[in-house]
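Per-chain numbering from 1; labels A, B, C and D assigned in written order.
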Amino acid sequence: MSELGFTPDEMMTIAASRALKGDDVCFVGIGAPSAACNVARLTHAPEITLIYESGTIGTAPDVLPLSIGDGELCDTAVTTVSVPEMFRYWLQGGRISIGFLGAAQLDKFGNINTTVIGDYAHPKTRLPGGGGAPEIATSSREIYITMAQSKRGMVDKIDFYTSFGHGDGGDHRQRLGIDTKGPTLLVTDLAIWKPDPDTKEFTVVSLHPGVTRDVVQESCGWTVKFADTLEETPEPTELELKTLRDLKARTDAAHKGEAVGAKRGSKDG
Amino acid sequence: MSELGFTPDEMMTIAASRALKGDDVCFVGIGAPSAACNVARLTHAPEITLIYESGTIGTAPDVLPLSIGDGELCDTAVTTVSVPEMFRYWLQGGRISIGFLGAAQLDKFGNINTTVIGDYAHPKTRLPGGGGAPEIATSSREIYITMAQSKRGMVDKIDFYTSFGHGDGGDHRQRLGIDTKGPTLLVTDLAIWKPDPDTKEFTVVSLHPGVTRDVVQESCGWTVKFADTLEETPEPTELELKTLRDLKARTDAAHKGEAVGAKRGSKDG
Amino acid sequence: MAKFLPLSQAVADNLNDGDTVAFEGFTHLIPTAAAHEAIRQGFKDLTLVRMTPDLIYDQMIGMGMAKKAIFSYAGNPGVGLLRRLRDAVENGFPHALEIEEHSHAAMANAYEAGAAGLPCAIFRGYRGAELARVNPNIRSVTCPFTGEVLAAVPSVRPDVTFIHAQKANRKGDVLVEGIIGIQKEAALAARRAVVTVEEVVDNFDDLHPNLTVLPNWSVTAISVVPGGAHPSYAHGYYARDNASYLEWDEIAADRDRFREWMQENVIEKSADDFAARVEHLRNVA
Amino acid sequence: MAKFLPLSQAVADNLNDGDTVAFEGFTHLIPTAAAHEAIRQGFKDLTLVRMTPDLIYDQMIGMGMAKKAIFSYAGNPGVGLLRRLRDAVENGFPHALEIEEHSHAAMANAYEAGAAGLPCAIFRGYRGAELARVNPNIRSVTCPFTGEVLAAVPSVRPDVTFIHAQKANRKGDVLVEGIIGIQKEAALAARRAVVTVEEVVDNFDDLHPNLTVLPNWSVTAISVVPGGAHPSYAHGYYARDNASYLEWDEIAADRDRFREWMQENVIEKSADDFAARVEHLRNVA
C-alpha cells in the first residue's frame, strides 16, 4: 500500500464502482458490493438507483449499512416496500439491470456458493445460505461479482450451487431457459475479469496497478485465462479514494454505536 | 306505507341489518347491502367491521357511497389496501365472516346471476357482471343476500351462474370442495328466508308486518316453501327508522353534488 | 426514465392502433383526461383492459375504438349498466365487441402476476361459477403439495397503461394515495406507463416512507392535468362528481345524444378543460 | 380481537411445545423480547420459521428448543455466521436440527401465499440452484397458458407468529412502518398473531390511510414492551445496536460463554429490562 497509496481492497471497490452507470438499477448485496455501489453513487453516477432486498428502493445512505435493512436505507429511500413486493414486482418483474453479488466460493463460470463447505447434509462449515442470491442471479439482467481473491474462495469446483452463473459454461443458461445474461463482470482485489464470449469462462482483462499474472494465479484455485491484450486498471483518482475513505470512516463511526436517528415516520398517530 | 309507517324497502334494509353482529367482518356489496350494513353499524353493532372491495377496511361512512370506492370510505377506514391485497389476504385469506350480496336474478338455492339475461354469447340484456361476487360467494364464511322480490328477479332457473350458492341444493357445495357455508339468509322486502338444513332450498321463516303468504308467492318465480312455524318480523323501531332515514337523507344530499372533502393525505410532499 | 410531456404527445408517443391498453382506476383516480385524449386522436382496434370499465370505456366503445374488452365489472358504479357497451355486445353497434370476462379476484391477481413478471396467476376462485365455462382463459393448476385444484388465469401485460395520480416530484417519481386500487400493478405490468397528475411538487422528502410511489425509472411519461380524473375524484384534491355519473346513464342511453355529447365535451375540448370541471368539487373539509 | 396482555401471558397463552412458530422481522423490528420470553418459558420441539434467523434463533437453537428450522438466510447480518446454529447443524449440539432451506424469494412468496390462504406459491425461481435438489419442498408447476415451468413451494402457515411493531391504538389496531419486511404477511399467515409494541396511543386518526395497519380483529394479543426489538431497531424510536451484533459473534462462538450470557441476560431478566437497553440509541435526529 505504502508505495501505491491505496490498498488492493480499495482498488477492488473503486474498480467495481466504475462499472456502474447512472441509469443502472442495482440490486445490492451487502459487503463489498454495497461499498462499490455507494462509491459509484457518490462519484460518477449520482442518479444510480440502489435497491436493497429489505425493500428500500432508490436509497442513498450516508453511511454503509451493516445489514441489508439498516434504518439509514429506509430514511434515504425513494420508497420502501414489503419484501414480497421487492422480490415479485422489482426483481422477478425484470426491473433490475445489475445484480451485484459477493461470494464465499466462486468457480470460473461465475457459479456461487454461500451455502455449505463440504456435503450439504453433513457440512464441514455451514454458511448463511443464499438469501436473495439464487433469484438475483437469474432475474437481474446481468450480474457483477466482487470478492477478494484466495485459493479457498476461487475454486475449481464449488461445493454447492447456491446461485447459478454460467453453469458448465457455453449456453448452459439458455439450455435451462434462463434469458438473462448472468455474470458479465468479476472484480477482485487484483484484476478485472470478463467471461469469454463463447466458453463463458472468466478471463482476466485488466490487472490492477502493480499486479502481475503470477500474483493473480497464485491466489486463484483454477488455471487462469488471460486476455490477449491485457490492460492495466487505472489507479484510483483522488476523488474516488477520498469518497471511499470518507464513507468508510463515517461507517465505522456509526457502527461503533452512534445512533443514526430515524428521520421519517408517523409521530402523530 | 301510510298505515304501517314504513316502506317494504325500509323493512328489508332494517331486517337485514339485524342479522349482523358487532364481531362480524362484513364484505359489503353496493346498494341494499351497503345500507343494511351501515344501519347495523349505526344501531346495534357499532363495532362491526365493514369492508368494501375497493380496499377500505373497517370503514364508517357518514353517507352511503354511490360506488364501492367513494372517498368517504377511505376517509373513515382503519386502513386502505390495494385491490390485489384485498382479494388475496382479506377475502381469500378467510377473514370475512359475512359476504353481503345483492342479485339481479336469484334462484331458490341462492345461486346468483348478475351477468346476462339470455344466452351468454348473444344476451338479451348484458348486465355488469360478477365483479367481486364469484369469490365473495365461496370465500366468505357465510353469505347473506338481500333484494326486493319480483318474478323477474326470483326465478326458477337463472340464466347464468355468476356466483355459486347451493347449486342444485343438498351437499352440492361440499361436492365441489367448497368448505364455506354459502347463503344462510335471504332478506327481501316481504320476508326473511333461510335455507332448509337438508335441501338448502330457501324457506320463508318470517313474514314482514302486514305481508301474507300469497303476496310472497305472487312476487316469486318459484313455488315458495314456508316454515311450519312462521314468525312475524318485528316492525322497525323508531331508532332503526330514524337512523336509516337520516342516512338516506345525508346520502341524497351528498350525491346531488355537495363535495365531501378528502380528509387525509399527503399535503406536504 | 419519466419524461414530462403534454398529454397529447404522451398519448401519441405511447399508444398505437391495435395495442392492448389499460386505463386503470378503481373508482378513484380514473384517467379520464388520458382516455379523452386517446378518443380525440382516434385510435382503432384497441384491446381495452380494466377491472371496472366505466364511463371512459363506454365512451371508447361507443366511438368504435375497441376490438375487445377484458374486464370484471362493466357497470356505471352505483348507477347501473353501461349502455354503449351493452349496445356493442347486444347489437354489435357500432361494431361487434369481443369480450373476455373475469371476476375481480381473477383480474386483480392477473395484474399482480403481470407486475411480478409471471405468465399466470393462481388463486382459489371461480368455484361453481359459470364464467369458467365461457372463458377459455380460465384454467386450473393443481397444487403439487396438497392436490388442491386452483384457478389459473393469464397475467395481464398491457402494451401501455394510463393512470392518474395525485402528484409527481420534479424528478418524475409519482405518488398515488387513498384508494390505490390496482394502479401500481397496472403500471408495473405494462411495457409503458403513462401517468397524468394533479400537480408537480419540488420533492417527496416529507412523504411517509411506505406510501405508494412509482420511481421515475418505472414511468414512461408524465403529463400534468389538474382535474384529469373528473368525474372520478382525486383524494385530497376534489370529490367525486356523482351527478355526472347519474347524468351519464341518460346520455349513453341514446346513440345520437351520445355522439353529440362526445363531440361537444370530448372532441372539441382539450386536457386543459378538466381543471374547470372540478372547481366546484374542491371545497375540501 | 386483540387482547392487551403482559408479554409473559401472551407467550404462555399462544405458544405450545411442538408449534410451528415465526418470530419475524427483516433486520428491522425483530421481536427479541418475545423470543426471550419464549426462552424463559422453556418451550421444546419448535419448528422455527424465519427468512433471516439471526440472534434470537441462534439463541433458541443453542438452548435446545428447536426441532427444525425453515429459513432462507441464517447469518448474523453484516457480521457473519450463526455459531449456535452451525454447532447444531455441524455437530448436532445440543441436539440435531432438521433444516428446510429456501431462497428469500421462495420464503417471501410462501408467507404471501400463507397470508392469502393458498396452499402453495408459484414464482420464477431456483433456476440452476442446487437447493431444489436437497429440499423436497421445492417442486414445480407448469403454466397452463405458456408451458413455462415455475417453481412452487408450500405456503408458510405458522401456528403462531410473533412480531414487533411501533405502536397500537387503544382499540388494538397495530401500525408497522419503515422497513415493513414480511411482518404483515407473517402475521396474517398464522393462526395466532402476537405483537409487541413500543407504545399505545389513543387513536390512529392522523395516520395516512395507506400505512401498514393490522386491524384489531386480525391480531390475537398485544404486549407493550418498549425497546422490545433490541438489538434490532424500531424506526422512529431507536437505532440499531450494531455493536451488540458484533459482540454476539464472540459470545456465540463458545458453548460455555453462550450459556452464561443467556443465564445472565435472558433467563434472569424480564421484558421490563428492554427499555433501558435502547436508552442510548434514542437520540433521534
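By our rule, a contact is a pair of C-beta atoms (placed from the backbone, for glycine too) under 8 Å apart; a residue touches a chain by one contact, two chains touch by 3 or more.
As the structure is a prediction and not an experimental result, all values here were calculated from the model.
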item	value
Path length in steps (a step moves to a chain that is touched) from chain A to chain B	2
Reference chain A; chain at largest CA-centroid distance	B
Between chain C and chain B, distance of the C-alpha-averaged centres to the nearest whole Å	27
Whole-Å gap between the CA centroids of chain C and chain D	39
Residues of chain A engaged with two or more neighbouring chains	74, 80-81, 88, 92, 139, 264-266
Contacts with two or more other chains, residues of chain D listed in rising order	112, 116-118, 123-124, 148, 177-178, 180, 184-185, 204, 206-212, 235
Chain pairs that touch, as defined at the top of this document	A-C, A-D, B-C, B-D, C-D
Interfacial residue positions of chain D with respect to chain A in the complex	26-28, 51-52, 71-75, 77-79, 81-82, 85-86, 89-90, 101, 103-105, 108-109, 111-112, 123-131, 134, 148-149, 166-167, 169, 175, 177-182, 184-185, 201, 203-208, 211-212, 233, 235-243, 245-246, 280-285
Chain A residues within the chain D interface of the complex	30-31, 53-56, 65-71, 73-74, 80-84, 86-88, 91-92, 115, 120-135, 137-139, 160-164, 167, 172-173, 176-178, 254-257, 259-269
Chain C residues within the chain D interface of the complex	116-120, 122-124, 137, 139-146, 148, 150, 152, 154, 177-178, 180, 208-212, 235
In the complex with chain B, residue positions of chain D that touch it	1, 112, 115-118, 173, 184-185, 188, 204, 206-213, 215, 217-218
Of all residues in chain B, those that touch chain D in their complex	23, 25, 49, 57-58, 74-75, 77-81, 88-89, 92-95, 139, 264-266
